[in-house]
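One structure is given here, and the rest of the page talks about it.
Going in written order, the chains are labelled A, B, C, D, E and F, and every chain counts its residues from 1.
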């Protein structure tokens, strides 16, 4: 039990997938302008991440490892993930057209969210079992959603701030991400207990 | 609703120095009838009334100059007898400094009344009463100038609250009126109770008016149906909803009106006017104005509506170039022009003092110290309102932060260490939001009309096509060929023309 | 013509009065600090605040803001002061100036200057220094007790060089740090010989921060919500751990009197700009900072986690505020 | 090699099957975003955006054919709102499509009007009333100020007049003594 | 009918591409794999040789190892390999990997070479997460601290000497970072103890 | 056309600074110039290849499987690059770690495929891949240089992994690395440095 808890603590706080591991930054920067959209985006990403890490684990364990085909990891993982995303996208377009519209170019880009491929790859590297892999995926999703939502809520506030013109937009967002990352450095060591 | 002696203290509020003593030394003063009265046609919220006189007409005191045209509208009367010399745009006391339609009367000094007969409200049907009130020109004299006949036209009212708080610093007109016109005041309350058919009224009065309290208490000694509640002096206890809370412990938001809870609040001056209207058939042609501030002889004046304010200021020992605030120091606005005249809304003329001028006007950014939150009587988050108003985030203002519950009392600005003109930001945002609402309504109409037009054109086209088809069916084959050829030629010609043009 | 907006009258308090009251609250502790550690901290304050004001002026100039009123508002003064008293007095001056640069330029002016910064500038400066120069930041000068001669005796006004070698005679880790090291090495708490009957220099200074903080509450510069919730939170959470195992967790009183607890409770988490404005929000903010601090102190990599806890909670402020909006007059 | 090929092929074939099937089952129609865009547009119906009216422009934006900064009557505010709605970057109004003017309405000089009905046909919101050979008037409340009636008028009898500021439509201004020095 | 076509088209194009890449990838893999494996071996041998510091041996190190189960002294969590250097089939040295779990920020992995006299030939830090600039002086890339172990053995040093100077030992340390060296020293010492206690494992 | 593509790739539509795509490698591997260059070159290579592979088949790709197909191509190419780097320089491979396979998910690659290659013919697509990749590589190099100098006091550390052991002398030691400003080498420093770079770009654009 504790080790699962620690996995979550680790990916959410200590080795946060976005701020410490530096994965999934493009959607982190791109879909954080408004709180509402960021919440939808994190839900979609969380879904894909969890499903993705489970299916990838299955592929790795049952297909690649037995035949010594580890070099096919990248291609097989990502193709499956891309299909999951595409499927999610279609479901969304059908059922939540407005959301689909707002998430815009970032929905297909879930596929290219580094975290989405990174977590299954890390799973394979760390040779986690299925449960651990699923929890790692879920934790990664939580870690991503957590910082994305916090970041979006901060950025919404910036609209009223007297930010210098040259800093407006992506510069201040990047700086904020840096300072957020700085604060996450404080959690170093908590994944040991 | 149970009425007890309990005072319910509301959240927030401030206690600025009252400065009330300076204008209560002398009794209310009357000035001679001015040579010219400049009477704005509209002095209330609502529709502009219809002008009933024309240039050159002789008018008598109390004669209707303009008649209400809709429910939310009020009449305007002549304050003295004389001749209408102009009906034109003129400067009015308004924060914008924009002119509005005014009727200028040259007085004849005779101050001759039109024929008056006493009206007994108990003899009138409610419709007749409503119409009578509509022609009285009585509007809320507490500042809002909302037509009183609407506020009285309800059978749901259970509680009448008399707003005698007069919480703004410097202003003393209600205080003096209660002391000197006690009888008319009580009469007004009585009649209003009769009209509303309720047995009881409460007067809410701040404890910084001991003389008025004393006087009222002695007069009301025998009467059981009018009670007095003395409330602590905290600005803005005079605000309608704060006062209701003070008296009854009932909180009312912007989304509701006191009538919805069976409560109606009237200002002292409004009630006096009601009394005078029913006992003396006197419409609103004058009001008590406090003239105070940086003047030699601050005083209260019973001024005819339309009196140029310079006459009051001169009498109070002021100079003609004095900068004047209309209303109190908290809610009033600086008059863009001081050559305007007394209106129904004018309860106070405050000559700007050195202390006000030296107010540090350097605006620093908000440091979120929440001093403003601690004093906001509407329990809003002024710093958030400011943050979003200054960056035009209107949606958040109305949805998340309830901007329209702000009563613009100015408590937040009063305490803000950063000297931010918070109320100005709120007024700006409110104007913009109202304007956007208005234009989206206009846009909706335009969209509908455009859609209808497109639909109409479509229909016409179809009809025409049908007609053509019918006609074609009647024409012979050779005719058809001919027609086609003609068309072809026409097209070729058109193409040629276009080519030439492009060259 | 004078511009007069309503209201035309105003209470006489300005941002500067607020800020310099804060400095007043910090003065007594400074006196003790000099007595214990020597007047080097004065040199740091002198140079550091000067540099902070200089940077402030440069930023204002670049951003086309009037300089005088913003320099006089005292916020840079407070920020620099808080940063300087949080770092060891023997810090090489260049290091300190880097911290001040991050406080004033990166954490404050990049976000639009006073009032706009989401993060606590002093704590950003502190965290940057701690992460970048852990060696310098964990070696505090050793005190031989309060000595009035520290005020006059010449030692060093500021230090310029790095402490590269082990000067065990003059530097040591702070009590929290020492405890952490000992626990790391498997010692038990009661074997550490730490008693609270005699107050160490750090603890006495902490008590003066507490008193200075009460002064701020009295002056209405801050409300009681933030300090009380932080103090209670640290007390309760560390108390629970202590109850659970007395041998590996220090007593709650130790946690209150050591590290930056009181300084943070009254002077740091109360930074109006970067803390929540709602009352409920303030309480949540204080409690969570306390919780994170206790966790970092007991399990994390840093001896004292307040700076990180503050920055982390700064990130959460907009969300906290969003969910703790008080009810408006008349609404249920 | 064979194993690799088989594995990849089975994965890809499966995916192809699922996605192909989904593309048929989950077909979508209609785009609610058009109405939301149209709601933001000012409905002046002036055609300055390059489309015959606001709705066509809204459709074009939704389909990604038009940029969000082509409507001068909507002004910068409008562009900002569109940017917010669509989650794209704000960009200043494209000057090619004209600039934002204060709201005005058309007035027909009734003494010159010859009653040709040309303006009636041009008006997108039917704000002009009058019959052939009779003097026309414009319903002030309904005129959007699109100026489309100006060019067809053969005798140039239509003028655009700006709505004057009155105490009714007056707005409180943004507080002027802000911290920033004017530069 | 049409629907079938769409599905079929999707399947065929994606599978076709899959085929192309499956083939080209396997070819690339077969071409590059030997190189990659060789790289791995070279890298490891280089490291081992460096620690052995010129020791004379004639066997192929990579192929001659024994597996060590997780145990309390070495603190290894999974089975690790201990390499054996032999000359003429006589054991000259062993290379044992150990983990110091009590570093400041997590595990420190150390590789220690012990010669037939039970003396340390050398130690190297394989992996650590100690604070850069503070605890990372144990790393051979940053300072020569780790070379202090050269020549030490359980018998030629007193117990006390296996300590940092602060604890009256012989090892240098940097002020403010004593946890790291203490952890490393403890782990290296334990490696020697492990070797002493399990000598028979290596001598078969 | 090609001029415009050059300008877009390097400045106006710069992946790392303007479009904010491809951020993960930009921030994660740029602890020194060598990593930056290596990953940059690998990315350029993948972008060019994927653009020219997809451009010719763009008309045969069914809408419903668009992204999976694109990503399949990209992933295949990346794996080839990945295997090659591993075969050529193991230390470099270790240093770049998980970020080589992650070129697959480097947003800029798919973004260019979607935005450009799937709409244009082969040759312009090739240029597009090259210039966009080059723009990103410049950012990688600048960030790498800044972070290496400030954080570690060196320049061209590990360059010999890339070009051979005999060039080890190229590493320049500016000051003792234990005096380095550690923040620069850590994740927060990466963000802050990129922020500074964007600020610089904004300032230049403002002044023009």
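Heads up, the rule we're going with is that contacts are C-beta pairs under 8 Å (C-beta built on N, C-alpha and C of every residue); 3 or more make two chains touch, one makes a residue touch a chain.
Keep in mind it's a predicted model, so treat the numbers as computed, not measured.
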Minimum number of chain-to-chain touching steps separating subunit D from subunit F: 1
Distance-maximising chain from subunit B - centres being C-alpha averages: E
Chain of greatest Cα-centre distance to subunit D: E
Geometric centre distance via CA averages, subunit E-subunit C, whole Å: 43
Centre-of-Cα separation between subunit C and subunit A, whole angstrom: 34
Between subunit D and subunit A, distance of the C-alpha-averaged centres to the nearest whole Å: 38
Contacts with 2+ other chains: residues of subunit D: 4, 7-8, 11-12, 15-16, 19-20, 22-23, 175, 177, 179
Residues of subunit F whose C-beta touches two or more other chains: 62, 64-65, 68, 72, 75-76, 79, 83, 179, 182-183, 186, 188, 192
Overlap residues in subunit C, where contacts from two or more other chains coincide: 3, 5, 106, 112-113, 115-116, 128, 131, 133-134, 301, 322
Touching residues on subunit E, where the partner in the complex is subunit C: 102, 104-105, 131, 133-134, 166, 173-179, 182
For the subunit F and subunit D complex, residues of the former touching the latter: 62-65, 68, 72
Residues on subunit C engaged by subunit F in the complex (per definition of touch): 98, 106, 128, 131-134, 162
Contact footprint of subunit D on subunit A as seen in their complex: 31, 33-34, 37, 59, 63-64, 67, 69, 72, 75-76, 79-80, 83, 86-87, 90-91, 93-94, 97-98, 101-104, 162
In the complex, subunit C residues that touch subunit B: 1-11, 13-15, 17-18, 69-70, 73, 75, 112-116, 223, 272-273, 275, 277-278, 321-322, 325-331
